[in-house]
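Every chain is named by a letter (A, B, C, D and E) in the order it is written, and numbering of its residues begins at 1.
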Amino acid sequence: MAATRTSGDLRLAGLTKEFDTFTAVHPMDLVIPEGSFFALLGPSGCGKTTTLRMVAGLEQPTAGRIHIGDTEITDTKAHQRNVNTVFQSYALFPHMNVLENVEFGLRRRGDKNATVKAKEALELVQLGEVAKKKPAQLSGGMQQRVALARAVVNRPDVLLLDEPLGALDLKLRRQMQIELKRIQQEVGLTFIHVTHDQEEAMTMADTIAVMNAGRIEQLGDPATLYEHPASTFVANFLGQSNLLKVTVTGPARNGEVPVTAYDTALTVAADHVPGDAKEVWLGVRPEKLRMGEHGGPNRLHGTVSDVSFTGVATQYLVRMPWGKELTVVQQNDGSGRARPGEDVTISWAAEHGFALDAAQAADAGVEEEG
Amino acid sequence: GSKGKSPSASSSGSVTPTAKAAQDMSDTEKIVNWSNWQQYIDVSDDEKSRPTIDAFTKATGIKVNYTEDYNDNDEFYAKVRPLLAGGEDTGRDVWCSTDWMVARLIRQGYVQPLDKANIPNAKNLEAAFQDVSFDPGRKYSLPWQAGFACIGYNTKATGGKKVTTITQLLTDPALKGKVTLLSEMRDTVGLVLLDQGKDPSNFTEADFKAAIAMIQKAKDAGQIQKFTGNDYTDGLSAGDIAACVAWSGDVASLSLDAPELELTLPEAGYTLWSDNFVIPAMAKHKKNAEQLINYYYDPKVMAEVEAWVNYIAPVAGTKDAVAAIDKDLAANQLIFPSTETLSKAKKFRDLTSKEESEFTRLFTNLATG
Amino acid sequence: MSWIRRHLLAFAALAVLALLLVPNVVVAVFSFNDPVGKFNYNWAKFSTDAWAHPCGSPGICESLGLSLRIGVTASLVATVLGTMVALALGRYQFRGRAATNLLIFVPMATPEVVMGSSLLTLFLMLGIPSGALAILIAHIMFCVSFVVVAVKARVATLDPRLEEAAADLGATPAQTFLRVTLPLAAPGIAAGALLAFSLSFDDYIITNFNASPSSITFPMFVWGAAQRGVPVQVNVIGTVVFLAALLFVIAGQVLSNRRQRAV
Amino acid sequence: MITLGSQSLQEGNIDDGYVFTGNVSIYADAVQRYWPHLVRSIGYAATATVLALVLGYPLAYFMAQKAGRWKNILLILVIAPFFTSFLIRTLAWRNILSDDGPVVAFAQSTGFTSLLQAVGLTSNDTLLASKFAVICGLTYNFLPFMILPLYASLERLDPRLVEAAGDLYASPREAFRRVTWPLSLPGVVAGTLLTFIPAAGDFINSRLLGNTETVMIGQVIDSQFLRVLDYPLAAALSFILLTMIVVLVAFYVRKAGTEELV
Amino acid sequence: MAATRTSGDLRLAGLTKEFDTFTAVHPMDLVIPEGSFFALLGPSGCGKTTTLRMVAGLEQPTAGRIHIGDTEITDTKAHQRNVNTVFQSYALFPHMNVLENVEFGLRRRGDKNATVKAKEALELVQLGEVAKKKPAQLSGGMQQRVALARAVVNRPDVLLLDEPLGALDLKLRRQMQIELKRIQQEVGLTFIHVTHDQEEAMTMADTIAVMNAGRIEQLGDPATLYEHPASTFVANFLGQSNLLKVTVTGPARNGEVPVTAYDTALTVAADHVPGDAKEVWLGVRPEKLRMGEHGGPNRLHGTVSDVSFTGVATQYLVRMPWGKELTVVQQNDGSGRARPGEDVTISWAAEHGFALDAAQAADAGVEEEG
């Protein structure tokens, strides 16, 4: 009855899921170190939930194996795995009060101290006072925390979070992100966190895997993924990117490769360009672009077509002579703002550009509404 | 398919089968279960007890479960038939069926012969009831009461008007929609035959159809509200029924409390019937039932019953016993009819099995159509 | 005037409700009558006689007892069977699911006479004698459908993730069923059971087809009594059952409210 | 059902028993003889269903949308009469409407009875023992079967949709016609079926409240089965009734176009 | 039947709503100019929806009047007002297809060209192809656009939007914001937009009203509200603020007022400080703080306690010697990042500080989870 206690890294080997004729998860190999905060990011339908469900034992993989440490759990039943899930919809038991919900897992394993531990877990999520309430009497954010407590209290080897914050509104969401991170650090469990809020993934996770159509497209720490996306998909999905189709005009000099875009000479850091490429996508993040000449040697001229104030920053759309608009983000640090219609120069440093294989679509990962 | 035991499978053939007897528990269980028509037994003034039954229990120690669940012969037969056909106990030890029904019960072997040794008082049976076509030699039955089918009406509902003939009953616009007839074919059709100048004890199929036609006409005109069993007494007392074909004693006894209820024995004639004690197959307390019959065949006991039910007593000597209680009652033509009264009373003739189904069908179609 | 117009709906609703309850009021009032003669429809004088002797009319309490026994047994059995069927239908894809759905619907879509008569025919064929057992089986058969419908409606709104959550938290399939599925379906089950009981307790037509003289249910008693003057006790029992049902349901309501409010 | 079918094809009489003969003509015979009853039953049931809908809708709507915390109490009051045998309540109605009772007197003084008589719903100036009484009885007795499904579907109706209709220039009446009503159709369909089907087969109401002109098919089946003991005919009639209902219901459900909604 | 066409500014005069004993909206006076995009912002339960419902005619005001231009509509029935609402839940009619939904309002007013206009409106929201689908077959974002089309097609004098984007996920939400703004500019209607996403309000609206407990706390264009909040509530609710309790130490000199906080001398622009104040809250937005000495003459020293990377920017928590943490946001423009534990100097310009009455709670408007 009691789940087998195991520990160590979570390892997926060739894990695959096919539904009828549709492959939701292509053979996936992945190691998630014990105690890490891992985020799985990707557009709707890319297979995030399916992957998590296989780890939880709620879905039978078509092929592949799952290990925690040295123990294979591929064929272990869900209720015998030491893995817990926080569902997007919370899935709190509506007929039990908050405390009973949190005790549930402990009691199933016959834990003598269920109540004590459950109360501690509720303290951890700062809900000690609502222990006797029914879930329906709580706000969304509180329910979310109960769901978290209910899972964490079992000290699982792996805690799966399937868009736990998806239903919360923005402000609450930012608060819960901080709390979630705090709790992970406090209890030191392995968290696998599914989200399609990129900012959430970047703020919280040690490692992010970006999934696309059943495959992991890129894996790494947030800054690496953001600064050096490996594909247009990742470049667009994780934050915004300005992509320019450029032609390589010569060999690298001083660590920089000369390129041209629409007859304008530009440079890219050499280590960002595939050796033999002729044509590439040159990508620059909006915040790396400077309005004015001081951003670096790469310069483009255009006209401001839209300005929007977001408080912390202002976002500009700058129309290029060839029609395309570039996005520029400038922190509102007190410097003056440009106005729509103004002609401006945009500049950036060579090392802030990244180059991507030109064979890809420029708009991959610009999430179409699904 | 039809392989299984269909409701009728066990009663095929035309040889009279004999009713099966059960182990008689009379000596160990001092009980007798008696099903009877409503308002067919004496009741104390406060309506809480039934004096003659109580006296019987006192005298013999036998408890009587008296149930008034006999509303109509066909209905009652339909209720017990599946059990009788299946050779099972009906839960009843004795009931009172009307003459023609007794014939059917005997024919089908559903009733047991009476053990006259247990009914010495059977000797008190009035001569007129002794030899009857439906039970030659009275082997299976003894009459409980007899009576007339006649016209009953509520003067409050007729606006004081008297209802004297069947023709009036079926055509008088003043009664429209407030007339009921009996679902007992023999009573209703019998009265109509008489009204049409025919004799119920000797009529043809054409006569029968003519009578049906007359009723059909009244029905089509909206004259008739319903066909009823003994439940007509309810509506008649309430005034929801203005006039109806009724059983003599019912109206007579009800009118004691409700003077607006009146009764007519039509000039054209009326039918005479009898309801008879029978003991069904598999009855558990046959001997107790026979003791009960014997008890009621005591004229003094029967007199008490008559004083209440106002039907015709089949027990010789009842008139004298009644006279001892109440002179007027002894003169009541309904209880002790004169030869003149009796001469206008006709019995409905026996029907062949084929006639019975055909006539019943015609009548039922009329009644439920 | 505009106040009336604004509350027109409330008036209409309450009028209909009143209409629904008028007979119950009349029944209750006449339970205190001391009728002249045997027909209880003219107010004569006030009396609590019938209340003092609710079994004062022969056969009435036996029939009530039988009806209660059949009602309780039938609704219990039907609830268990119906719940299982509903859970199966609501939770699992299996072959013959559509057929089962249809089969459940048939008894509800069959007029009672047809149902009663075909059951009678069936019982005769199977050699099941008319009587309490036949009635019980018949009642179970038609009650099951109603239970299934009530429970299925509940199960349909049940979030399947709750069961997954239970498994995820280490509950075995049996524990999941007992501690999650069943309690969550409980309101539907209770509604089904209540419906089943009331249908069984109230049924006349199907019962009448399958009854024997020794198995007179309460509605049959009333029907019989209707032919010859209904004893006041019937009013008493009708009123008591009505009030009992009210109390029962209100108590359940209050209890579940209190449980919800408990902090 | 199968036994019923086979029995309807038997012949014979009570004394001699029945044998299976596959006599299909009994159906033709039954229809010919009892078509008025069949038509009448369907007609009464349909009328009662419509009346129950008209009466039940406001109450269901009120309970579902306006009653707030009284909701449950009202619901209980709608269900509770189920527990008093419906025979008792029907008898109570007979009592209330009896010819010399106050209700009839009032109806007479207002000319209501004359009106009913004029349109042929009653045959004299009282209420009982008439078409009118039977239809009222059916309506009354099956009202809860109408109200409960209506309530269930109206409860699910999002009041914001009605507000949205108002916001989009629909008058309250149009909002009802275009939004509330179509969205409650599943309840209407369920309620009408649950009312119509048992009402079509019922005979208690016509027996207690009607006259010889109001005999419904249920009563015929009952008496053929339990009184005349003509099992084949009774079985055939049952079968015919069932078929008619199934056909009507299928037609109705299609017509109501709720397949995709239910 | 047809709604009275009116036009002009929407004016609320003393508009009040009381429920039983609770006042949801205190007497409110407000003019919303014709054709403007107006945002109503505030925490949950502050009375936003109630205000909108009174304008729509779905709720009867307890007192006060509503005018559109010169026409008073206070007592006009909802269906006779030329005002339409986009509900948070969309409230699409589930039994009608998309086109029928959009035609609904036009048909109610007997518009002969209902279908043509509805199709145009669907094109406007880019949903021409799904006209025949039922709402349930559409994704959340598409439903949202249908709701918008259904309202816009009627060309109401005022269009009310009650958190129309609340149920969408982040990325979709940002997309819809742009679309909404585009549509408003295209059709030129008066939009009143309720939200509690501050960034949304700031990007989209011409004017923002911040509501608190049934009252409008501050009204103005986004930049003014953000840069010069009038209360701690607004300062915290609209974006993040660092608030320091400071004592005024002398009269204004060179347009700057000297103050001290925990023995550190600082300055605030004189026009931001109430004339006679002794103690004030000194507020600075996180993006106005610079790590290093170059931000301005005001300097504080502290230790980095947390760093979180959000892609465009990095957010630091810097612990002050007196225990409080300040939030600093730095655009990731390529300059180096500080690490947790590092000692840093934080600086800002005097004109970037704002002063608020010290009598208020510092944490007003820090949305507690509700």
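The rule is simple: a residue touches a chain if its C-beta (ideal position, glycine included) is under 8 Å from a C-beta of that chain, and two chains touch if they have at least 3 such contacts.
Source: prediction; values computed, not measured.
Comparing the centres of all chains, each the average of its CA atoms, the largest separation from subunit D belongs to A.
In this view the innermost chain, defined by its CA centroid being closest to the centroid of all protein CA atoms, is C. With centres set at the average Cα position, the gap from subunit C to subunit E is 56 Å.
Inter-chain spacing, taken between the CA centroids of subunit B and subunit E, is 91 Å. One inter-chain figure worth recording: subunit C and subunit D are separated by 19 Å, centre to centre, where each centre is the mean of the chain's CA atoms.
Shared interface positions of subunit C, i.e. residues touching 2 or more other chains, are given as 41, 121, 125, 226. Across the assembly, subunit B contributes 4, 6-7, 79, 238 as residues in contact with two or more other chains.
Those residues of subunit E in touch with two or more other chains do not exist in this structure.
Pairwise chain contacts in this structure: A-C, A-E, B-C, B-D, C-D, D-E. On subunit C, the positions that touch subunit A within their shared complex are 159, 161-162, 164-173, 175-176, 179-180, 183-184, 186, 260, 262-263. Contact residues on subunit A toward subunit E in their complex (touch as defined above): 139, 141-142, 166, 169-172, 175, 196-199, 202-203, 222-223, 226, 238-239, 285-288, 290, 295, 308-313, 329-334, 349, 351-352, 367, 369-370. Listing the residues of subunit D that touch subunit C in their complex gives 1, 3-4, 7, 55-56, 58-59, 61-63, 66, 72-74, 76-93, 95-96, 98, 140, 143-144, 152, 193-194, 197-198, 200-204, 208, 217-218, 221-222, 225-226, 231, 234-235, 238-239, 241-242, 245-246, 249.
Contact residues on subunit C toward subunit D in their complex (touch as defined above): 9-10, 12-13, 16-17, 19-24, 26-27, 30, 41, 106, 108-114, 117-118, 120-122, 125, 153, 194, 198-199, 201-202, 204-205, 208-209, 218-219, 222-223, 226, 230, 234-235, 238-239, 241-242, 244-246, 249-250, 253.
Interface residues of subunit B facing subunit C in the complex, by the touch rule stated above, are 4-7, 35, 38-39, 47-48, 65-69, 71, 79-80, 82-83, 86, 88, 90-92, 229-231, 233-234, 237-238, 254, 257-258.
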